[in-house]
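A, B and C label the chains in the order they appear, each numbered from 1.
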Amino acid sequence: MAAITIPAAEDIVGPTPGQRLRKRIIGHRGVMIGAVILAIIVLMALLAPLLAPHDPYTQNLGNRIVPPVWTDGGSWVHPLGTDGLGRDYLSRLMYGAQISLFIGFATALISGVIGTVMGVAAGYFGGRVDLVVTFLITCRLSMPVILVSLAVVALVGSSLTVVVMVLGVLLWDRYAVVMRSATMQVRSLDYVAAASAAGCSTWRILVSEILPNVMNPLIVVATLEVAHAVLLEAALSFLGLGVQPPLPSWGLMISEGKDYLLFEAWLITIPGICLFALLLAINLLGDGVRDVTAPENRS
Amino acid sequence: MLIYTLKRLVVALLVALTISLISFGLLYLSGDPATTIAGESANQAAIEAIREQYGFNRPLYEQYFAWVGRALQGDFGTSFYFKVPVTDLIFERLPVTLGLGLSAIAFAIVLSIPLGVLAARYPNSIVDRLALTISVMGQAMPSFWFALLLIMVFSFMYPLLPSSGSETWVHFIMPTVVLGYYATPAIMRLTRTGMLEVLGADYIRTARAKGLRPRVVLFKHALRNAIIPVVSLSAVQLGFMLGGSIVVETIFALHGTGYLAWESIRRYDLPTVQAILLVFSLIYIVLTFLADLLNAWLDPRIRVG
Amino acid sequence: MTKGHISKIRYLALAGAAAAALCFGAPTAQAGKADDTLNIAWDVEVPNANMYFDTSRNGVIIAHHVWDALVWRDPATGDFKPALATAWNVVNDKTIELEIRQGVKFHNGDPMTADDVVYTYNYLAQPDNGILNRNFSNWIAKAEKVGDNKVRITAKDTTPLMMLYITELGIYPEKYYKEVGPDGMGLKPVGTGPYKITAVEPGKRLEFEAFADYYDSPKGKPSIKKIVQRTIPEMNTQVVELASGRLDWIWRVPQDQAERLEKSGRVQIINADTFRVGYLALNAAGGPEDSPLRKQKVRQAINHAIDVEGIVKNLVRGSSQVIHSACYPEQFGCTDDVKKYPYDPAKAKALLAEAGYPNGFNTTLYAYRDRPQNEAMLSNLAAVGIKADLRYGQYAATRDALRKGEVPIASLTWGSNSVPDVDAILPIFFGGLPDDLAKDTEVQGWLKDAASTLDQDKRKALYKQALQKIAEQAYWVPTFTYTTNYAISNTLDFKPTADEIPRFWTAKWK
């Protein structure tokens, strides 16, 4: 951990937990790097319609595979060159950020809801519910995600919706595992018992006592699952079963750039580096949030 | 120990049964595979004949029970594409995938345990940073991209390594690195966390206080205890690698089960896909089962508690 | 904790390492010109080597190397030459008699006789033989021995392409085939062809060896002693293996890659035309009642909207040609004398407006290969207001949906099974079979007439009529002919043919 030096003045008053958290976040290098990269990518995605120099779908077959500006034959008209159909690569990259982020967040949301419901139910009710949920988790873990998703997408037909749905339905295991143990811990705490004794309804206890207290691990898992989903979509697209063209997801761009690997390597390295940066940022952020919210886990 | 084993066994069987249902359910999604089997130039009569021959016109549950019944005897039916028993096909190709998986996990362990130990021993040092960087990069590197970059550099620009085939161990170098790197972050992190915990324990302090050499303390006393969860994690990671092998085997033209699975999906060769899904799941179930037993064996607290 | 735990772990690790080492085996030597072995790669797995049980392109290639037919067709001139039959006589519309060659040996040493020929043809004529490749054998009624070395083959109907079909049907050894059956043949094939197969690892590897006892066939004696085929799915990997000398021959290299490879000088590139043509199939007679594609003007508009010329010039390149009629230009019966639809977005828009769609419409384009070309066509359609979703799937799934009438527009290709006659394309897509989306009874009638006469001029005239109506009605958007890039090592002398059947028995080392 980077050292947290607490100024004397605050030492006397004593920082609130919120202030302490903020300090830890700012002091954590991983979180900061991750947050900055992610912010850049998110901004790029949101502002794509304003920033993109060209329409990402407009083809110009007479102007294919223009190299990026820093190589011979490149120009500022197409800073990152054009792809195999003469579309501006930078613009596609910007719009691609939208698609990749959408897939990551939408998948994490779907699987998050499924996994949290299962995990919290198992942890809170225990007994048979726990038995069933644990069994489902074991089943899910036993299935190779990539194989199942490939098979389903191949059979159903691939599109953005199908990919998000399939990944969402498959990637809930980590949520369920973490939420289950987190809920178990919280459940045994005094104030939950108190709420229960005071006659609060189960629903109320779950929503207002349990959920807020399992938020930290939930956020950590969610970040990592966003990365997981983005990575899987890229692998599916690489094998030709991800989102459909002309949508420019980064995985699809890598897949389309594959034919040029040996001679125009930038077509595959540029989206590859973007994907790498995105995954790196999300992972750093996820790890960092874990460190910051539960500092005892690291040093 | 016996009761513990039996309990785990029952769960494993139930899981296997559920997976069989799911893998068979894929058939339902696929509609009618007859056209696929017949091929591009087949006519309608040939397609009808195939539909009849394979029993695709029978109710789904009937087909399922027939399939499970035969699967229990080790008969997964005949591959639509190769027209040979799926069981033969899988067993012929499993050695490549298992070989790749084992060498990859060995690579991951050799890379991550020493680094994890040193990172824990010297927190916030250069080694720790290096370990962290390696593990964070491993999480963020799409394996297909990594594989293509390796081919570009080590087979094309500097032709040092073969990029396809499985004839010799040299052919396995790049696939092993790609697949193994994928498992490295998790193992390294767990080693590091485990070591940190153990190093703070009383008996380590005692050992140090006794004046034992630091290396002895580190490897003999601390690692022994920190490694227990790592062993079971490695078994689980080996199971995950079966899935990862699909991409790696396709790129490096390794004729293993992962590549067979992918090609079979593309060919709608459903008996093969169903069987591989079940076999992969079974391998995973067996691995986690063994890991649990191993843990119980290594750590008596588990089987007692 | 006891001391024993570490050693347990160490033991397990050692056992794992030993198992891994066993799986890998020992290194083997490299091959190439030096040891007279031609190393080739295909991207699809070969399921078995039994020619009648594999409908894929690779199955056809294997068939030509391992099995000879009664008659051989010279791919350069189109002439029929004696192969396993030394002479033949067309008795009438449905009957042919052939004199069987003496002294020909099968790969297993058995002599090839008239009995083997009769057996093969009668086997192919059985409806329940389970074979998948029926296009060339559907016509056979029966075969019989009419002399020691003479065979009579009877067709079910008048079969204009009988001679062509005969050239595609390899003769099987009766005794051996009865012994081993189709599966045995798939693993240990035996024929009379220039190469015999010495090893089959299904899906993975095939090994061919020049057949020392090959008869004096018009195909000529093979020059290269061994061929080793490997399956490598990823094109980049194939190219890298070729460039580093571990392969000598690959094909279907994408144009961009091929051009750059050629520039690198590490390999030779040969671009050759193929029989495969691309087209958009328009659902002219099916789909919902109000489907825009039912209107001729809409279909014509689509024809005007697609910039085939631009796609060929910029994307496909090589020796690909723009086509205007629903056939491959070199096929017998194919003609370019049909209504043409030059690229003209303005006219397309006008036609759409006339048909009642001034703002275009939404539809779906099904496709199964060539993503870039299809993306280009999508953008062409969008430019005139036709917003099509791309549904990219497997060939079988696409064709299934198409046969059910669920597909408005499908981007497809057809290789005519390498048959140089429009009989291998038109009846399938316009003759009332399941793939016929136009359901034009007039065209169906002409095609039927053409298939039941041996009068070649009459056939030609009927096909022309059919092709002209197909173009006038704009049932298809014929696009371009496909070309194939062969990338081969600098030491190899190889000449491709348009039928996409590499003939390795004609290949030589330089």
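Miscellaneous remarks
Just so we're on the same page, a contact is a pair of C-beta atoms (placed from the backbone, for glycine too) under 8 Å apart; a residue touches a chain by one contact, two chains touch by 3 or more.
Note that the coordinates shown come from a computational prediction; the quantities given were computed from them, not determined experimentally.
Common neighbours of chain A and chain B, by the contact definition above: C. If you tally contacting C-beta pairs for each pair of chains, B-C comes out on top. Every chain gets a centre from its CA atoms, and the centre nearest the mean of all protein CA atoms is that of B.
Using mean Cα coordinates as chain centres, the one most removed from chain B is C. Annotation: 23 Å between the Cα-based centres of chain A and chain B.
Chain geometry summary: the mean Cα position of chain B and that of chain C are 37 Å apart. For this pair, chain A with chain C, the centres built from the Cα atoms lie 44 Å apart. Contact of a single residue of chain C with at least two other chains is seen at positions 236, 240, 394, 397.
Across the assembly, chain A contributes residues 154, 258, 261-262 that each touch 2 or more other chains. Those residues of chain B in touch with two or more other chains are numbered 148, 151, 156, 250, 266, 268.
In the complex of the two chains, the chain C residues touching chain A come out as 235-236, 239-240, 254, 256-257, 260-261, 310-311, 313-315, 371-372, 375-376, 378-379, 389-394, 397.
Listed in rising order, the residues of chain B touching chain C in the complex are 31-32, 35-36, 38-44, 46, 79, 81-84, 89, 95-96, 98-99, 102-103, 105-106, 109, 148, 151, 155-156, 159, 162-170, 172, 220, 224-225, 227, 231, 250-253, 255, 259-260, 263, 266, 268, 297-298. Every residue of chain A that touches chain B in the complex is listed here, in rising order: 135, 138-139, 141-148, 150-152, 154-156, 227, 231, 234-235, 238-239, 251, 254, 258, 261-262, 265, 268-269, 272, 275-277, 279-280, 283-284, 287, 297, 299. For chain A in complex with chain C, the touching residues are 57-59, 61-62, 64-65, 84-86, 154, 157-159, 240, 244-246, 256, 258-264.
Put simply, chain B touches chain A in their complex at residues 11, 14-15, 18-19, 22, 26, 29-30, 123-124, 136-137, 139-145, 148-149, 151-152, 156, 193, 196, 239-240, 242-244, 246-247, 250, 261-262, 265-266, 268, 273, 276-277, 280-281, 284-285, 288.
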